[in-house]
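Shared between the two complexes below is chain A, which pairs with chain B and chain C, respectively.
Entry: the complex of A and B
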């Protein structure tokens, strides 16, 4: 961006915003030093949502750990649950039935679409496009309805179990999933007409918060944020799990069609394309859902995990989500640690904010899809 | 017509000895309570319902049938809000801002019935008053000793400055067709039919209209949802309501000005005007004219609201850039073109 026109220097002013501030996506405090409208120094302070989740995991039986894992990011609960299940299944050498794997993929992809729709609502909120906020949230409700039909909960599903899932799909669920997929596919066109290529939105998001590919790699960025910077990084492709290797889907990459590769607009467009791919995955899985059991064996309260350690990773809606589990053969975990995709984005955000306009700060932060809940946990 | 407009209160039969100023003030208060409040309430309800419809929402639906009493509920709630104490310095600029904004009510072009002051420069008065209000907002923001106030005040002032230039040119462009800057003259030069409105006076006038409406958006664009929050982020209760009402009022004022400058104002078909004038039914005539100009104004406001609600909001420097680099040349082009057209035809 060209800031050379800002030739009128002003006395730098410090401004602390948060932790509760309506344009913020969640609870954190931002420290800005401003030169007029330009941010010359920025810092983010987290920790306001710390709940001691990893410690809580050590204090409760393995059976309860799924519930705590789901709270890492309550809005996209299935990913952390899935990562924990994979790690524990590695330790226990548990076989997961094919039907259970397919149900896990359905839940994951629905969660991904739901999370991306929330992302669209957030970035629309950041650019004050009220109509788009309501459109995205309206369609997200349809997915939350599906979660309710499946598990009884709309958030924090706690639906996955070691060796499978909690229940088989309810009657009519698969048909409803197909209907919702068709609806959202249709609505994506509406989003593009209204918002994605709207000149006002392009003016707010193109060339804003640009993450160069090399910089993204050095920062350890993963997921859609990395892919927007044209880095091929998708755990579903690089180390497939739960049957993703049998599915046919593409990994969209940023092309800088609005401005530069890796800008806020690219990060938005990537998520739109990922929704399309997720819908494609859902269609394939729904078409070929195998018959059979939905879990290998019920997980009881005295469920024990053999001594050892295991690391598993999944592709969450925000990127690589890893789970490192250590067991000592007892009924409780010794240590469970998560590697969350928001970490690198959080480190990167202040660097993107420095030099940007103050009015772009909400857009930059929303475009990075920071999840303070999973960061603080 | 203009003579009647300037002294309309002479039409009233009143006892001797009551000063005209008192009559004008009383009539204005009466008109505000009887006309402006109900119209504003109806407008806010319809605007919220329409806005909800654009956004796939339901809108007000709890207070009364289909939420029709929502404006009353809002008003009652507002009355319960505590009054915010400001420092005398803030109070000074806040008062100036309020006075400057609402002083334009004296020249609000809603037909002869509502115009309290009829001068040769009527068209420019609201415009200058809004510049004063912008200056007062800047000073109020500076006085608030907060980043929000400081940035918000500067933004308002920058927007007003950038919007002033194309707005002046667009007013001059309308004046070319109108032959004067008295509201009544401006309306007298236009007919009731759309093709006799100023906006159709020459191939260049539509651009002048666009520049004027655009300049109005530049004036009234707010950044409430952006990070800063602006001057209003330090206000609450009645003060905040007054500030927000001010924004609504500026949009209303600007739309009514655009209506009178370019969209025929209160011009009615000649036979109606003649019939009612001949029958000395001035109040009926003025009432009908007010309804006509109000309807056009409200339609224009709905149109602006529709665009504003369905599009993302621009940054402040994008707004000022739009004004300096697009609206100003557009207004200049329309003025020069309209002048050339007038000279040649």
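Entry: the complex of A and C
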């Protein structure tokens, strides 16, 4: 038989996908105009998860604000709690004991590893690698067990307090952290053997959703997405807080080893390398956890913050997370505003989708690590 | 970066646009420039295009209501030098501060595209019309709900609705829930 190559005539078709769609990472609606399987126009629509957190923060006492801050991103709650605590501590000129700072760093880095493992599970799901999904989630459970041992909660720990943390580390916690770090370091080799350089994954992620460095800068991209595009941007290095300046760690940058610098594969590889760096930070902090109090003073029910304003930055698992806090001397905030790292990625996503094939859309969206909860706060 | 040199260049670009330079926060580690909001777009382009400064992206943008005015704060940064700067300005609310009065302010998205998501979000929450922002852009309110929202929730004068979609609002159902502006015991 003689098969001739044939071009089928297509007419643009409008697709609306979501807000509840299993390959999507969270609740949002995508509007696509398709020409065949090519996305010629794309738009993302949020607003399905909005909880009015910034308004709620204005209506409740300062003491409750840590719980609300944790809901900005429930999957990685400690970062917003940390940013809020730093801003309030600036306003109150509260000293944070060295031990409390180290415990905060431990919680942050465990959260970063947990968030990146969930990211790996999501991108594996988007590329139909079911085994890798289970591997990553299995290892993330170990981190959640540690959170439970520390605070009693697996998610939304609400563990930080103004001037320190809620409790000292529980007995055996530090030893368990070291054990889990060793285990995950070993597992990362398994991930590489099974998934990272697997031809099937490379074919789905290399040269897909490429973000040029200049473009990333213009969009205000931060965190691992910016670093995958070879932009040096890490708050832990540029504006250190909570003792990060005393720790020895590297900031990995994208090298385009699977395809091009700043593609979906680079964004995945960067997170793997960041897990390695987080494990290194955890080892250093666990080795040198100082003795002393875990908080400067207990926060009273009628805790008041002196009149003023402050802005604090932390490096969350997704990038720069800022917190702007304004106080009028009363028991509740005048304004608390969060700068979330998903904002620029959300703005960027439709531009990456336009011109891509429809089957690459879940990979592009998963590789950007969009957190709709941060946006719809 | 010399503060005086910066102010002089901004004065050249937007005469009368810079009101004062003031350190921000208790530690005063960051410099804030208070500007006329009417000149914000010219100032934004001057800060971006002058090679001596090249403040090329907005790290954060916040709005708050204080003393019958909306205060706008832009945290900007230069990607080449890493230097930060804060640009601040205020716009008085109309008399009576009705929670549904729109305020008009120039969008700085033509100078700093990274501000778009935050302008969209704050426009919807504070009732600000950013002149020059892409009208197709929408932030929080789903197209399904567009036009059904009443008032702007982050204004201090916002009154919670008594019902939503025919159902009593949860703040009215719970006796202990505070009304807007009330502090929980």
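Definition applied: the second predicted complex is superposed on the first by the 368 of 377 C-alpha atoms of A that agree within 3 Å, B and C clash if a C-alpha of one lies under 4 Å from a C-alpha of the other, contacts with A are read in each partner's own complex, and residues count from 1 in each chain.
Rule of thumb we're sticking to: contacts are C-beta pairs under 8 Å (C-beta built on N, C-alpha and C of every residue); 3 or more make two chains touch, one makes a residue touch a chain.
Just so you know, these numbers come straight off a predicted model, no measurement behind them.
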Next item on the list: Once the two structures are overlaid on chain A, check if chain B and chain C clash or fit side by side.
Entry: fit
Check: Of the partners chain B and chain C, which touch A:128 in the superposed model: first, second, both, neither?
Finding: first
Next item on the list: Figure out whether A:119 sits in contact with chain B (first) or chain C (second), or with both, or with neither.
Entry: neither
Next item on the list: Figure out whether A:320 sits in contact with chain B (first) or chain C (second), or with both, or with neither.
Entry: second
Notebook entry, point to check: In the superposed arrangement, which partner chain does A:361 touch: chain B (first), chain C (second), both, or neither?
Noted result: first
Next item on the list: Would you check which partner chain A:13 touches, where first means chain B only, second means chain C only, and both and neither mean what they say?
Entry: first
Next item on the list: Considering only touches as defined above, state whether A:204 meets chain B (first), chain C (second), both or neither.
Entry: first
Margin query: By the touch definition at the top of the document, which applies to A:54: first (chain B), second (chain C), both, or neither?
Written below: second
Notebook entry, point to check: Who contacts more of chain A, chain B or chain C?
Noted result: C
Next item on the list: Using the superposed model, measure off the angle between the directions from the CA centre of chain A to chain B and to chain C, in steps of 10°.
Entry: 130
Notebook entry, point to check: When the two complexes are placed on top of each other via chain A, what is the minimal CA separation of chain B and chain C in Å?
Noted result: 21
Notebook entry, point to check: For the complex, which residues does chain A have touching chain C?
Noted result: 29, 43, 45-48, 50, 52, 54-55, 59-61, 64, 90-91, 93, 217-220, 231, 238, 308-311, 320, 322, 324, 326, 330-332, 334-335, 337, 339, 343-344, 346-347, 375-376
Margin query: Please output the residues of chain C touching chain A within their complex, sorted ascending.
Written below: 24-27, 30, 56-60, 62, 64-66, 73, 75, 79, 82, 112-118, 121, 125, 136, 138-143, 145, 153-154, 158, 178, 180-184
Item checked: chain B to chain A touching residues, read off their complex -> 54-57, 147, 150-151, 223, 225-228, 309-318
Checklist line | Sites on chain A touched by chain B in the complex | finding: 13, 15, 17, 23, 34, 37, 124-125, 127-135, 138, 194-195, 198, 200-201, 203-204, 357-362
